[in-house]
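Chain nomenclature is as follows: A, B, C and D, assigned in order of appearance, with residue numbering initiated at 1 for each chain independently.
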Amino acid sequence: MNALTAIIEPPPSPLPDSAPLLAVRGLSIFFGGRIVPTVQDVSFDIARGETLALVGESGSGKSIIAHTIAGILASAATVSATTISFNGIELAGKPAAVEALRGRRIGMVFQNARAALSPTLSVGAQIGDVIARHRRLRRTALRAAIVQALASVKIPDPERRAKAYPHELSGGMCQRVMLALAMAGEPDLLIADEPTTGLDNTTQAAILDLLAAEAGRRRMATLFITHDLGLARDYADRVAVLHAGQLVEEGRAATVFDAPRHPYSAKLVRAVPAKAATVADLGGIPGKFPDLSGPVPACRFADRCDRAVDRCRVEVPRLEPVPPDGMAACWRPLG
Amino acid sequence: MGAPARRRWPRLRIRGGAWSVWLVGLFVFLAVFGPTIVPYDPVATNTRVRLEAPSWAHLFGTDDVGRDVFSRVIAATRLDLMIALGAVLLSLGIGTALGAAAGWAGGWTDRIVSRTIDTIMGFPLFVLAVGIAAGMGNSVWSVVIATSVVNLPLYARTTRSEVNRRRTSGYVQAARLSGIGSFTIVARHILPNVTPILAVQASLNIGWAILNAAGLSFLGLGIRPPTPEWGILVSDGAEFLFSGEWWMFVFPGAMLVLAVLAFGGFGDWLRDRLDPKRA
Amino acid sequence: MTRVIGFRLLAAIPNLVGIIVIAFIVTRILPGDAAAYYAGPTATAATIEETRQRLGLDGTVVEQFLAYVGQLVRGDLGDSLSSGQPVIEDFARRLPASLELTLYALIIAIAGGILLGVGAALRPRGVVDRIASVVSAVGQAVPTFFLGLILIFVFYYILNWAPEPLGRLSFMYRPPQPISGFWTIDALLQGRFDLFGELVRQLALPVITLAWFGIGPIARVTRSAMLDALSSDFVRTARAAGLRRRTILWRYGFRNAVIPVLHTTGMVFSFMLGANVLVEDVFGWPGIGAYTVDAVLVADYAPVQAYILVMAALYIVVNLAIDVVTALVDPRVRYDS
Amino acid sequence: MTALLEVVGLSRRFPVGGGALHALDDVGFRLHAGGSIGIIGESGSGKSTLATILARLDDPQEGGIVLDGSRDIAGVSARAFGKDPARRAIQLVFQTAGDALNPAFTVAQNIAIGLGTLRLDAATLERVRKVATEVDLGHDLLDRRPHQLSGGQQARVGIARALISKPRLLILDEPTAALDVSVQATILRLIDRLRRERGLTLAFVSHDLEVVRLMCDSVLVLYLGRVVEIGAVADILAAPSHPYTRALVAASPGDGRGTFRLAGDTASPIGASRTQCLLSTRCPFADERCRSERPALHGKDGRLVACHHADAVAASLDDAPGNAVR
């Protein structure tokens, strides 16, 4: 090999930053032998260093999607996807591939952190288990690594706290411990499943600040699952809105929050107290998610939508670009 | 959809179904009419047919003094069921009242009731039953009372914790907001929610009470021969095990097992029926 | 940890007091004149009266109770009418036989129950689950004494695999020198392996009968506690963190599942102490249960109250041990006290 | 004009292993007829305890609750209050609506409990129907059991139960905390409509500043059982004068990431010091004075604040998003 060819051939380099770290295409999830999928044809990307908020009301399927990507969906469900590609590795239908990444390249934090930690092991021991799984360390080095991990999530007095059990710590402290646990493998992607639900607002802000700082420092991608559009607006780069298992809108967080294009997102935004000047500005959303045990309209929002036309009930709208910079799955987007 | 709700795992026992309801019906029928429909007098001896193996004339064979085992086993149903039912009702009534008082009032009432219950629970229950039955002498009542005393904690504890759990619930507070008095709240607002739990417990408990009573009389406590009773029949039959006359202990024993299974299944069936979330 | 033990010991005191009170009540409600029993069958009216005074039975209830407690403190449990000896001596001789039987059964029940329960939880509706189901159903529905008789009938009378169900050892063998009172252990200590084998053969049926009733509840609780733990949020976290399956199963699953299992073990032991009476009766086992039943039937009441006291004391000791183990596993309990 | 409700120096302590938990410490406020006050605080602030005591389901150790400027009902024990003529005037809507409905009874019965009866005679049923209509609850739902209803419907039943006895003061203890935001919106609008139609006076307990902003005209901020700031909602949210209020405003989601944060977690209220400002360990404004002298509530621009540095706090507001709202 001479010098010339070396110049012509592209250097072997990691994927450019612009390529998505995680690409999900056509993800559908079926439960209990139902014909109607609980999650239908969902697609999205997350780039390195980017935070995507997956927003939806309870029952919209947001946690199911997160658990499916991490390969820890508890119930017997049938998953089909065109692709779930992580850093170029195909994960769809390959449990072993997910298994190899979980805890290392893909980390996860959950809501209700105190219940998400084992009550019979000290928090230090639980972090130690994870660190020991990834790195071979001697006893003293392991102990130092545990304290270091606790310190990195801003837990005061980490030496002493390492010996504490979850029930002795506040909910916020437990959530920090879980964050330390998820970070122990230095993941490229963090899936945060409603990480602050049930915490006080000030604690929530502190945790999310920490998460954002860590993500920024390590150029980590974050899939942020939340029911709170306001939080998504404050902490995510992009927002994807789910309605009854269908992704209805996706775009820059501020854009979706301030000028939603899908009728459902628009109604959801109108229900957020922070957006309303007076109580009269608040808008509820009539009806509820369609019952998935029977036939449902093609667009699952059609029966609740005042803009719906016949087409909405027979032809599933695809995510199409809408100005200025987002995507909406609607035959008659707001405009 | 969030994390899947905590599932209720299928329990490790033979499922109660319609069969158990039929079986319980059969036992009740035998308890009422058994003594009048059996082919032979359950206590009359007939030395000409001593120790005969099962045949068409004597379905379950005969015993050492020529009594028909089938007639004795069937006739025993009434006594065994009455003892079990009596004991369960007694402990259900007293236990529920004590538990409700302790669970609602708290404080000293609770402390005294709970301590008493703990002390009873401090004994191995069958040992306590043996002690009580021994102390009270040979009568049906001694078996009933011994069985109900050792069962008391079950109902008192359940009622106490169920009432206590609901004492601070929103709907009890809501009733207080309307000025409804304590007694009415416990009797009309809380206990109806506890009744299904107690009913299931009581029906499951009947099988246990049958076993307890049979165990006592197997040891020779309480009821005395020649009264036909399943525990006594097994005990009497056991003497002839070593000479191969198996039918004398196998049939009454099998009847015991069948009764316990029937009431256990019935309890399960009842639980499924009474689950308020199923309506 | 010593604080936990100390605290639990203190907590056991009210139980002990309650038990003594109940034993006292049971003694007082016994039919007939207690003084007459204690004075013995040959007593005259005068000696009965003398006994009454000696035992403090002529005083008020409180005085009687204090006198009764005084007797207990001196280790005086009264004399047995049937054996003519102090009850405490009869008990000392027979207790090891009961303990050997019960403890082996408890060990087998715990080991078997946990194995079946864990196996069933790993594969709900699998083979182990079904076996556990059947074992449990039999344990719930079949009376102890009936199961013992069936086992004797099948394995002794029909198959002749088991030795004659009469006591700890056939009269053809010489029992080991008493060291621990557990003959199996004593035989091993003295190197008498053939005797050990015979003792095990003799123990097999009664131990299985007794253990059977413990396996069901322990397996049932283990199974559901394991299933709960394995579907818990913290096991989900452990999975998401990429821990090994084995670690998740034992360190995260079983470690948490063991707490309810320990609690059940206490109840199972209590049940076994009761069932022990029936098993000893069926197998002619020379323990305190059979001894007490014999005493009851001839209206010999001193052994009965002694028996109740000993059983309750045993139960307290075992529960104390269970509390300590629970505190070792569960930090929440540790700090409660 | 006398206040419908005047609360003075209310304290509630719970004994906890050796010490005492000051769930409420010297809490007071006035509420005019037709007014509405938001009670804001995070977990451990005592806001639910306050709601329970105002509803007279619990007794304070100290303090007065004066109704209509004439009767102090704090002296009547919660037990005896059931028979008090004032009982019907005060009603409470519970946090988790599902838990506040008796599963053994039908929806109609659950509403009728508000009248103290389970018997649905014609007159009672008529009143139940009327109030159900008022809260937009379909009459076809009246024969169902509570668990067959959706969360929003359960919330409506809870409100109907509270309203059927025609109270003047309605206390709402986080009535929408468990609901999805779209359902919360309809329930909030319902409460607002009922308030106007019936001329109700509201005490609205919430952890959500934005909800209180929409629903109430004044706000009371609680921290570890003490009032730290109280005044008109619009004023306080626009320019919080207490560091804790400011932290709450900055942490409230939906209007940009605020930057003002307190250090650490809320301290344990058990055995808290009586001589220092409870926030002094977490507060960036804290100095020696805060650690040695507990600040009293004092007037400032038409509101009350308990902070030595209230002026500095108000003056330091910058233009960072979320730090000042409206």
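Simple rule for what comes next: contacts are C-beta pairs under 8 Å (C-beta built on N, C-alpha and C of every residue); 3 or more make two chains touch, one makes a residue touch a chain.
Note that this is a predicted model, so its numbers are computed, not measured.
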{"item": "Both-way neighbours, i.e. chains that touch chain B and touch chain A", "value": "C, D"}
{"item": "Contact-richer chain pair (by C-beta pairs counted) among B-D and B-C", "value": "B-C"}
{"item": "Most distant chain from chain B by Cα centroid", "value": "A"}
{"item": "Rounded Å distance between chain B and chain D, as computed from the means of their C-alpha atoms", "value": "51"}
{"item": "Between chain C and chain B, distance of the C-alpha-averaged centres to the nearest whole Å", "value": "23"}
{"item": "Whole-Å separation of chain centres (CA-atom averages), chain A against chain D", "value": "33"}
{"item": "Separation of chain C from chain D, taking each centre as the mean of its C-alpha atoms, in whole Å", "value": "56"}
{"item": "Touching two or more other chains - residue numbers and ranges from chain B", "value": "3-4"}
{"item": "Junction residues of chain C - those touching two or more other chains", "value": "231, 233, 236"}
{"item": "Junction residues of chain D, two or more chains touched", "value": "none"}
{"item": "List of chain D residues in touch with chain B within their complex", "value": "55, 57, 78, 81-84, 87, 91-92, 94-97, 99-104, 110, 113-116, 118, 145, 147, 158, 161-162, 165"}
{"item": "Interfacial residue positions of chain B with respect to chain C in the complex", "value": "3-4, 6-7, 9-14, 115-116, 118-120, 122-132, 134-137, 207, 211, 214-215, 218-221, 231, 234-235, 238, 241-242, 244, 246, 249-250, 253, 256-257, 260-261, 264"}
{"item": "Residues of chain A that touch chain D when the two form their complex", "value": "57-58, 156, 170, 172-173, 200-206, 209, 227-231, 233-235, 257, 267-268, 270-276, 278-280, 282-285, 288"}
{"item": "List of chain D residues in touch with chain A within their complex", "value": "42-43, 150, 180-186, 188-189, 192, 207-211, 213-215, 247-248, 250-258, 261-262, 264-266, 322"}
{"item": "Residues of chain B touching chain D in the complex", "value": "169-171, 173-181, 188-189, 192-193, 276-277, 279"}
